[in-house]
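Read through the structures below before going on.
One chain, subunit A, links the two complexes that follow: it is found with subunit B in the first and with subunit C in the second.
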Partner chain A sequence: MCVWCERYSQGHERWYLNPANYARRLYKVRKEEVESAGAEANPQAAGGMATVGRDYIEAMQANDHETVERLRTAAEQRSWAVHFGQVVTIEEIHQILEIIYPISLITCACRRSMRGLPDEENFTCVGMGPGMYKWERWPETYRGGVHFLTPDEGKEVIDVLNRRGLVHCMYTFGTPYLGGICNCDYPDCAGIRTAQDLGVKTLWKGHYVADVDSDRCNGCALCARRCQFDALSFSPSTQMAYIDPLKCFGCGLCRNVCKPNAIAMVERASLPAVAEVW
Partner chain B sequence: MALPTILVDDEKCHDPLSCRKCLLVCPTRVLGLGTSVGPEKFKQIDPAFFVVRGVRFQFCTGCDKCVEVCPTHAIQISFDGGKVA
Partner chain C sequence: MKSRYRYGKPIPDRLHTLEDPGQPLAFDADRGLITEVSERCDVKSLVAGLKGKGPEESEADMRAFGQRLMAATIELADGKYIDRAGEVIEKVAQQTGIFFPHSLQRYVELSIIGSRPLDRWNITKATTKELVLEVFSCSVLREMREAGLEAGELPCHVLCLSSFEAAAQKIGDGVEMEVLKSLPQDGVCQFSFQHA
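On to the complex of A and B.
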């Protein structure tokens, strides 16, 4: 079982469907917490002082497992206490948009950092909660300010971002308080990058795993460009999509472009081998 | 595998958010913008304090495209200090 649901769902189906986890002023996280929170929270972190430093990468290359393990554990504990994410499907985002207020489209700190994107091209994050009124009031300070959206407008925006191929992730700002829906891709987004490149779980897999139905797959390969997690490949021998359930983050992006509905999102809990693979 | 050292002279790199030539040219998307002031409220997201750093330095191939594209010769890449695993 997902430890976050165990701790914070309070009878709701998932912890991020529990309205109580949105009831906090956004960015109440204190300075010292932000400092250790990783690249998304602190651009300085993106500039070389991410959740782990050069010593971690040197230890990885030297196969110094003990050091890697020690640094990884420390980085994960910090991240999980303050700022980490979990992948969710588009259906779940639509549900979430019905329980959060206000829904605020804001600029993405990760793409500003990794692409140098100007604000007007960079509205891909959704913030929520009364803290967003500060973003409205001081647009210079908060980099481009905010566009407030109705739930229906929010869904339209999310659908466009999904078609673009971005993964929806729920992020905490002082766990368990959820403050952002990040729409991410590899390697620009610090969460995915940190999980994939460094094996530090700043981003948790979601509650589903994609499963290909070989009777339905017509070999069109449309899904092949959708996976940001290296979990999906197109098999030359079968001429069909091949998904590694151990690597799948359950984002559903591949499924969303599959015309014959050959990809199903299966509950992680229903597959014993991956039920605890987060 | 050798790890590079990526040095950027912040004095020579003015306003990297508007320039960003090195970020865009790098084939392995190594470079990114950080800030020179730490997590100081408001300043940390002020472009005036942005600096270029080798965020994903472990993916640098040493192709020197960033070095060549930089109009102010602010970037130095070296593999001399890199460890061999």
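On to the complex of A and C.
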């Protein structure tokens, strides 16, 4: 069990399967002054890359471990209180889509800034919960517009993104409130980059670890291109896939393309060596 | 339903875009709604009127108050004090065919904010199958206690339930209601609304 399940699952199997972490009031009493478009806190500004600044990169380059450690700790504490993610499998996303509403397909802020993708090619992110009814408050974040979907339509969209090879991550917006399903890859996504390249844990590993059954693996190497976390390699000598359980984030993308079902997703908690590796 | 989603592309006919860029929009509950609902449905006078009445009469008063409260809320929330959140909730419901929970949640919330704006409460579950409201501090109960009227079963549950019932009828969407917890015993009044 991860620390977020310990704190916020309230008897549910996982904290992100607890409906309380998605429910919020729709209303508060209006302030005296006029509500102006865009004046509210911008959800996009809470994004992963904003977690650390130039001073962190400079300290890394200078091998100033003390400063790196201090800045990392501060950045992680900030991120965990406000905006961080955890990887989930497609089965879990389908369960989540049954307990969240509304569900909206929106553009991805990371791909917009990293790839410069135009809005009409960038609808790969899912925003959810009552805040989405107020999306016009943040016109720049949602400048491409918003589609509202039924849970079944949401599942179809997620399936398309999964086939494409994107990792599904649940993101908080004021922990433990979960407001987004990011569908990520490396190097587009700030969450993965901040975790992988900068060592700042703004993205937590999921509750599963992939395991290859060497008796079933036929060496097709289809899985080799799926991993966004550098956890999966293909051995030229054995002609088999190898997964490093310490690096695996448990997204299940490799398992989803394995025709002979040689990859199983195993509960992290059942593997003592990685049970506490998040 | 087929979403017609192709990777990365907007879905034809489903895209909401800014209707009036740069224009301020009001999403929160209007203070005018609170003033008018509080005037029309005054909790203090309701409780004062209960003094000396038996349980049946009290219950009837509570029921009538609840119905009047929700009628006033719906009239003002959908008319004079319509807010942008309400407009978008309705637009989304028309598009997806899913009215529960938020069409109901909207009326429930505005009726509480309208009649007792200082109460503490929260929504702890809002799925397409169940809505759960928790009230932690309630001015109806407080007024009743101050007037020495709190005894046994809480008659004020009738007030809340008749009000919520009127909202459920308005959205016309097969909703069952249950009181799961009560403030005096559990420290919270918990209402569950289940969608058939």
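Throughout what follows, the second predicted complex is superposed on the first by the 247 of 278 C-alpha atoms of A that agree within 3 Å, B and C clash if a C-alpha of one lies under 4 Å from a C-alpha of the other, contacts with A are read in each partner's own complex, and residues count from 1 in each chain.
In this text, a residue touches a chain if its C-beta (ideal position, glycine included) is under 8 Å from a C-beta of that chain, and two chains touch if they have at least 3 such contacts.
These numbers come from a predicted model, not from an experiment.
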| item | value |
| --- | --- |
| Partner chain(s) touched by A:D230 [first = subunit B, second = subunit C, both, neither] | neither |
| Most subunit A residues touched (candidates subunit B, subunit C) | C |
| A:P102 touches, of subunit B and subunit C: first, second, both or neither? | second |
| Touching partner for A:R115 - first (subunit B), second (subunit C), both, neither | first |
| Touching partner for A:E69 - first (subunit B), second (subunit C), both, neither | neither |
| First (subunit B), second (subunit C), both or neither touched by A:D55 | neither |
| Subunit B versus subunit C as contact partner of A:F123, first or second or both or neither | second |
| First, second, both or neither for A:E276, with subunit B first and subunit C second | neither |
| Subunit B and subunit C contact sites that coincide on subunit A, given as residue numbers | 31, 34-35, 143 |
| Subunit C-facing residues of subunit A, complex | 19-20, 22-32, 34-37, 98-102, 105, 117, 119-124, 130, 133-137, 139, 143-153, 156-157, 160-161, 164 |
| Touching residues on subunit A, where the partner in the complex is subunit B | 31, 34-35, 39, 41-50, 54, 57-58, 61-63, 109, 112-116, 118, 141-143, 187-188, 193, 197 |
| Residues of subunit C touching subunit A in the complex | 1-3, 5-11, 14-18, 21-31, 34, 83-85, 88-89, 92, 95-98, 101-102, 105-106, 109-110, 113, 117, 121-128, 130, 132 |
| Touching residues (chain side subunit B, partner subunit A) in the complex | 1, 3, 16-20, 23-24, 29, 32-42, 44-45, 50-58, 83, 85 |
